[in-house]
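In this document, chain identifiers A, B, C and D correspond to the written order of the chains, with residue numbering beginning at 1 in each.
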Amino acid sequence: MSSRTCAIVGASGYTGRELLRLLTHHSGLAATVAMTARPDTDPAPPRLPHEPTVDRLDLDRLATVDGVFLCTPHGAAATIARHAIALGKPTVDLSADFRLSDEAVYGLTEHKRDELAAAQLVANPGCYPTSILLPLLPLLAESLIGLAAPIVADSKSGVSGAGKAASERTHFGNVHENFLAYGVGTHRHTPEIHRHAGTERIVFTPHLLPAFRGILSTIYVTPTGATTAEHAAKSMRDCLATRYAQEPFVTVYADGQPELCCVQHTNECHIAVAASGPLVVITAAIDNLGKGAAGQALQNMNLLLDLPETAGLL
Amino acid sequence: MSSRTCAIVGASGYTGRELLRLLTHHSGLAATVAMTARPDTDPAPPRLPHEPTVDRLDLDRLATVDGVFLCTPHGAAATIARHAIALGKPTVDLSADFRLSDEAVYGLTEHKRDELAAAQLVANPGCYPTSILLPLLPLLAESLIGLAAPIVADSKSGVSGAGKAASERTHFGNVHENFLAYGVGTHRHTPEIHRHAGTERIVFTPHLLPAFRGILSTIYVTPTGATTAEHAAKSMRDCLATRYAQEPFVTVYADGQPELCCVQHTNECHIAVAASGPLVVITAAIDNLGKGAAGQALQNMNLLLDLPETAGLL
Amino acid sequence: MSSRTCAIVGASGYTGRELLRLLTHHSGLAATVAMTARPDTDPAPPRLPHEPTVDRLDLDRLATVDGVFLCTPHGAAATIARHAIALGKPTVDLSADFRLSDEAVYGLTEHKRDELAAAQLVANPGCYPTSILLPLLPLLAESLIGLAAPIVADSKSGVSGAGKAASERTHFGNVHENFLAYGVGTHRHTPEIHRHAGTERIVFTPHLLPAFRGILSTIYVTPTGATTAEHAAKSMRDCLATRYAQEPFVTVYADGQPELCCVQHTNECHIAVAASGPLVVITAAIDNLGKGAAGQALQNMNLLLDLPETAGLL
Amino acid sequence: MSSRTCAIVGASGYTGRELLRLLTHHSGLAATVAMTARPDTDPAPPRLPHEPTVDRLDLDRLATVDGVFLCTPHGAAATIARHAIALGKPTVDLSADFRLSDEAVYGLTEHKRDELAAAQLVANPGCYPTSILLPLLPLLAESLIGLAAPIVADSKSGVSGAGKAASERTHFGNVHENFLAYGVGTHRHTPEIHRHAGTERIVFTPHLLPAFRGILSTIYVTPTGATTAEHAAKSMRDCLATRYAQEPFVTVYADGQPELCCVQHTNECHIAVAASGPLVVITAAIDNLGKGAAGQALQNMNLLLDLPETAGLL
């Protein structure tokens, strides 16, 4: 019944598999080609009904589909993306390869729909940046955040963000009943956040949760002008509620706090805003494999292929 | 072989049980009385060798010991504490009842030794405040932190901090593979932190980890003056390393990041300092049941009873 | 687009919520009524789009739907079921109330399709019995299992099987990093297994896993006659593979072992058969909330309402 | 204060580190040499006070200590053990290298004290066998178990049993919220169990729990003669209670069930016995790193060096 087809390159990693899973519920788009990023891997049989076999890399097969998803490791996507574009195939790259480049449209869907409609190559946002930019962009656009003091974005992610490769870092014994900050001051996502927020006044710290999926970012911002934090929190909440009122995947809480369990296995972003002393504390939760990766990638591909934006995602 | 004895009131909760466990390894202090905070509970048999039976509340028995630990719920300790003091028994109260009061010495041991030596009543610090004050106090004393912008203390705790009582909040299904902020702008520990830091310029947000024990606080501070964050981070790290060089339970990292697993089941606090953009990020890890509760309480009791400070804690 | 409607009584528990979630993906059946089992509860707003509000109990509303699911506590379902049947509404009862009764058809779907087509009241099987009966029934029917020695069914379940109520048993601190057997020799599911297996020669022991969803049963059976265990294992595997070859929700492995992660969030049962010494070891995995509860209930309701059996379940 | 010294070879794995941790609390034995099993590793600094640096392998250093622990991978221990024996150093080998050999005493302490007193080389039992043999040996010795039907030993272990090496099997994403049987009919511990139980009528199946430490074995045995299972369960419980009455590390329950949390971080084995249908179900819990490895190894070394058997273990 699907009228359009797509290829997934890097289909054996967490985000590739999540895309395969989402597409089994998509009535207008089917994954007809699934490949690893390597030319020497044995084919892996489907894990779910309606899934294709995951074959070894064969770029010629990209000519047979309508759109291309790249879920390859960072660094490996650029060449394949250019090949797909040359074949005229709209491409969503989930790696970091084009996120700081003018070659691609940055696919934070709710903020880039006009550009996405005409795009050939989409740089799908990183998981941490998605959780930070969705709440911050409307507030920065409305100048509701004072930048005399830096914005603090303290983010916590499940282990799936570290990928499927076995390492000391992902060993159960090092994750379970543990917690730590990492990449303090040096994480690759910092320049991505700065570029797309339009300001370098954001200090970002990622942490590793003893959980598999989900990101929660706790963001501390200073009100502008002489307003109280309570008043500023209300203004910011109203701004976000208005901005996202028609968005199917963004929910702004009137009260209460988002939890990972509210957004896991969804393409949603849940946002709360509260005053705390002189600051406003914004919390935003997404599924790092959903809105933070495969979900948003499918949302973008739907736009590229002129399919309903929410198809396969509700 | 133990020459001194103590009572634990509230011995069936997590902190009471942790104290019982610690005391089985203490060569100079024995728990000879263990009671619940309620007068109507059936006695519970010991869980470990050398532990006493946990009996129902009987204040007369406090006269038989050298020191008293109160692990009762907040609000229930004050009356019992005054009874123990009237009996002339040095008392460490692990509840919040005296933390904002002049009646007691605030037992952040490394910063209160002089007062503790002469104290009758010790208000044992809260777990979150311990993880925040240990790194901040030396830096504030040396004026290394600018307070034009507030300090942000983003803290994450294991579930044992919520106590042993069954509730929707502590149900496995709501904790496992979940994460959330709570008490944003309203948590009871905020005034405790403000009072003992000597400044209200600290914004504190607690979060609930899908783990049982441990707290990690990520603290964002502004350098003073015109220094770079890298330079300020070095100054702060040096300040903390010097201040705590002789402390058996505080470790300041030269590099790397503390993890919960490094401090679980210990009385230690591990601290790292790193620059991140214009700010300095301080991470501090403790065991909320160790240095954040029972461990520090024992450290304080050792001082009250003129026992070696580290006894039972190494 | 849904042409048929149903009510869910007991919609706020884990199985009720799972049914609501499944029905949001069902194109031919919609949950138009959701109620708690109590007459005095405040209405709870929907958690997902297309979900109804969960109202307090009002039996009159059952007249407005085509079918009724009962997810109430054991003991509370019988009265409501009889009310629904009197209204002529096909009813699937997920409680234990009718599993040992002749009033209802026992809804182990793959083995009861003929009876289910004509049924008014279905007793949906318990989670543990489903995981044990699906592999055993074909083998017992073919007399491939010797009963001189009892069959041993050693089952392990995630905590969701214990329900949503907060208790000492479901406290994170008692589940996480823990494991135990319970109900040894006395569990309520034992007579259910015996009745529907047609033999009392099954010894069943449930255990509580430090996980949320899924059941894995390890079943030890004696070969009949003088055959080797290797030979018997092959015969049993062949028997099961043949019996379930056309079943969309039962998979018999040629080799390897089922894992909980293979069946979580599905209506599937995965089965492996292997020789071990003189015995044959059968392992069967299901999602206790899926094939062990809500999934199988929906599969049964599809049959009662003459909808495609797999609707909402793939 | 320690009068005796020991070396740990393979000190960077889970069991080696556990030994180092235990020895920091031992008043009569100190680890003065800690080495990896490899000659080319950089020295690793101590993780706890009083621990030695973990150096690269240097067999000459074994001459400087009173006893040797081998925590090396299976296959690597035999050569080092023979070197240590040649130096006259009592050696406890925690690998599997000598468990099926007559060269060593099999160190199931409670059953081998006489031989251990005179031993030079001890093969420390595997974790699964320890949890199965401790309850079975007294019952087999008293002929309380019928062997017409095989004994079923269904065992579940935390992930630490799989060691510290990163692999697909130990990745958090494959362990967390998962469960499976492995090595069905083929596990290396089966011949060890058979040899030391003195019967091959034991069918053993190991499973991997989503937890870090602990083993619980559920063992199904047939009563002898015409007795009821209830009567047989009582006889078996009495037999075990009598046999282990004076043992400091074995507890036989009068009622209730052992849980992993009761034995984690201890050298204890907790055993319960209950009737279930025609069988008796014995559950036994140990810490796989404690009584299942490092704890029992230290218990054995205490005997070899004529130290108090419980030193460092209470």
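In the analysis below, a contact is a pair of C-beta atoms (placed from the backbone, for glycine too) under 8 Å apart; a residue touches a chain by one contact, two chains touch by 3 or more.
Model, not experiment: these values are computed from the prediction.
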Chain whose mean Cα position lies farthest from subunit C: B
Would you mind working out whether subunit A and subunit D touch using mostly the same residue numbers, over half shared, or mostly different ones? same
Just give me the whole-number Å value for how far the CA centre of subunit C lies from that of subunit D. 38
State, to the nearest whole Å, the distance from the C-alpha centre of subunit A to the C-alpha centre of subunit D. 46
Which integer distance in Å separates the CA centroid of subunit A from that of subunit C? 36
Among all residues of subunit A, those touching at least two other chains are 176-177, 210-212
How about subunit D: which of its residues touch subunit C in the complex? 148-150, 152, 154, 156, 158, 174, 176-182, 184-185, 190, 200-205, 207, 209-214, 216, 218, 220, 222, 257-261, 264, 272, 274-279, 281, 283
Where on subunit B is subunit C touching in the complex? 14, 159-160, 164, 166-168, 170-173, 175-177, 211-212
